[in-house]
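For reference, the structures are reproduced in the following blocks.
Consider the two complexes below, in which chain A is the common component and chain B and chain C are the respective partners.
Here is the complex of A and B:
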């Protein structure tokens, strides 16, 4: 029986995966990482970078859309970059993730109360309000922020800004 | 402690790294460096184009096993290196490329001869550096050589602003390198090696598929020991030619698109494929879905990203080929494969490499055979890219590692001649032959000047058919013989003999079989300058066997020719 060695023609399941990478905190490293993704055709859903407790090290939280094989390559290729110290995939592990979003929603005298109620339920914060719009700050894991946005959709979302997810193992 | 300029520090650091020769081209941003170089015990081969400098350094690394070094100025000098750096990257060649850069405060200002070299070379280097402070220079040079030559080797670029080369600091060269994020795996996993040995002894139709990694790891000896111990037949990729003697009965020679029919059949029928230092390139595998369909795969490679990239591997062993083979040699037992060996012998008999000997005119394959005969297979062969490259791979029989220099991954036309220069500089006492096409040669033929000035006795065997032969072959087979822009001249231009003579090299034209051997012998006598042999071969000869792109390996055109 010929064995299927390659999945090129097979349908492979694409999922979202969270990878965190500890990298050297010098210039050019972000370019190396983002260059790698574009050169190899990997899809980044979000990428967040910041200094860690050690100022010589930065942590990148990268959300990628990939099937298992591509994901494996993403991790290996990241590890191959000289400035990447450690790569951990969090998906499937016990982890905490957060994202901060700013959302500008259209309001009217009719909808104002409803929206404020949603903001309360989601433990979000109104950071600015005008006659026509209010701007809300919300944080949470992906499920929460997603649900929040979906609820607000019907009122008319004027603008959304999101930080991308950051994540940490428990 | 006395202070030194960046340029002095760079030269001293290169000397500490044991660099004896570098290939390059000067320019504004590297003036301070070249000024220091003038008095340094370091040979600099002045090329006529920066691309050739990169290729020569690449080839020097291939034949000597040392790190090749090339240098160019900022902007156009650096961008001219790019093809050569990409070439070295694709074939994992240890190389350090030093580029000048505009003054640090001008970077990003679109200054004269400025290019974002670290940006441009990021995807084609193993690593690159922009040196912003002279105090980091020595450490960076040390790291660059370490990174280039360890793990899976590759090119490293050091981009050096001119003001850094004139700035001064105290010089101490670091004794060792510690890069916390870079620790290549050399030792293979013991359990995995045991598992491999176990599978090997039980296999019925095993084949070794060996790639350029075996040469890079200097593991030819271990490979030969493994074959003599287990009796497993072996095929090599283009880059591994010479790692195992092709004259051995167990040698299947090259596999892939223009591989031998017996190598391709053996791979397709095998039940165990032992891949060593190879990366399952599409020119090797043909249609991936149907590659080695019955085989379990063991893959030994130092680079984890190479494993299961194209083909799913059953037993991965991450480690240095040399180390893993040594361990494997301690425990491997020969499988019982008499029937398999018999089958392979039958294939070898049935589908030998052949060519048309009846059609009038000079057969290119005949020329290669005679080169092999005349040099007894001991010459260093450098090639360009195209038909001549494949014939050089097929009809010259290689037995020595680091004696075949060719652009594999990138397929860079114009690589051959500067590569021959790098090879002759690296192996001054050996015969170096550049087997080139008339198309490839014309991409870097200006280097005749370099070879003449340096008195390099390179033999250029020009397989001259007046076509971009490989492209023409594809047009013949797949584009209804519509030879769009592949005819580059029948007898002229240029007159290659006059071209060679214009540079002060020797030129001999060969049009008949009977003239081939005398011309080669004549060329081999010349020791003080290059000699170009213009072999006017049959114009529309094709390379066979051939697996069409995207077809499985066993579907070969012209295997029975």
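Here is the complex of A and C:
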């Protein structure tokens, strides 16, 4: 949301950043890394941690709202942690990003056809259907998953689970 | 930790558990929650945090290796945290689980057709292709994504990013 300006120039621009970190696969690392962000009061939009091709190493993808300068400091601190192998900021680079969502939507005999049409258009998959609800699996980049959820909102979303974004440099 | 009882060691069964938690959307919560697990020395397989239908609330899906009794204590502690709204263990329940992976595989003129066939069989998608590599997006439950990665291993995996599992009760 854009904030009202009172004529003063805003010194630090808050933006959404996407960062990936290769870390040793210990749970303590996650507490350490998330502590660094929370200490700065950064708002995190999503976080995904999964194993990599090397089972001793995990990859974290963090989407965070922060100003450039403070984020630069946090990245330096991250790089200094023993269990952090590598930190890369993808913002501004050419990358592929994807998110997976599971969404349970309310359905009736009147809306069924419309909802199935939306599922087809977004190349999503129906994973379960009952008389009252339909559960859909959808993937895409930020824009696509957002648009998908917005279209389904009017039917009534009973439940949604999102993985958060993962990303890879092209 | 195994406790001695009547001179005999009572072993605690370590298993993989899947837990979802609805939490207030503050980054501090994540540090708090992950701290509770790391204090017990639990090994986390994956963690996914994403926004829900209510922007002030996030949902965490945690896959953790732990013994039943200690995990029970951690769940109670989680429930006591102010920012934790609800904790549900899905292990043993009827649930849908999904994971998204992005995987960059080495490719040659000899292996190209084989790899594309695997992509088709697993209903995966090619998101980028060069002369040397192919980047694939795949989704599925634990078993499917694992089988997919194992099949691709012999071609040489250059990079893999996983969201970690998300899950929803049926």
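Operating definition for what follows: the second predicted complex is superposed on the first by the 158 of 170 C-alpha atoms of A that agree within 3 Å, B and C clash if a C-alpha of one lies under 4 Å from a C-alpha of the other, contacts with A are read in each partner's own complex, and residues count from 1 in each chain.
To be clear about the criterion, contacts are C-beta pairs under 8 Å (C-beta built on N, C-alpha and C of every residue); 3 or more make two chains touch, one makes a residue touch a chain.
Since we're looking at a predicted model, the values are computed, not measured.
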(request) Would you sort A:28 into first (chain B), second (chain C), both or neither based on which partner it touches? (result) both
(request) Considering only touches as defined above, state whether A:85 meets chain B (first), chain C (second), both or neither. (result) first
(message) Touch test for A:106: chain B only (first), chain C only (second), both, or neither?
(response) neither
(request) Tell me which partner A:51 touches in the superposition: chain B (first), chain C (second), both or neither. (result) second
(request) Classify the contacts of A:69 with the two partner chains as first (chain B alone), second (chain C alone), both, or neither. (result) first
(message) By the touch definition at the top of the document, which applies to A:16: first (chain B), second (chain C), both, or neither?
(response) neither
(request) Spot which of chain B and chain C makes contact with more residues of chain A, would you? (result) C
(request) For A:166, decide between first (touching chain B), second (touching chain C), both and neither. (result) second
(request) Scan A:139 for contacts with chain B and chain C and give back first, second, both or neither. (result) second
(request) Share the list of chain A residues that count as touching for chain B in one structure and for chain C in the other. (result) 28, 31, 35
(request) Spell out the residues on chain B that touch chain A in their complex, using ranges where they run on. (result) 118-119, 122-123, 126-127, 130, 147, 179-182, 288-294, 297, 303-305, 308-312
(message) Using the touch definition from the top, list the residues of chain C that touch chain A in their complex.
(response) 20, 25-28, 30-31, 34-35, 37-38, 41-53, 59, 61, 64, 96, 98-102, 104, 127-128, 135, 137, 139, 157, 159-164, 166-168, 170
(message) For the complex, give me every residue of chain A touching chain B.
(response) 2-9, 23-24, 28, 31-32, 35-36, 39, 69, 72-73, 76-77, 79-86
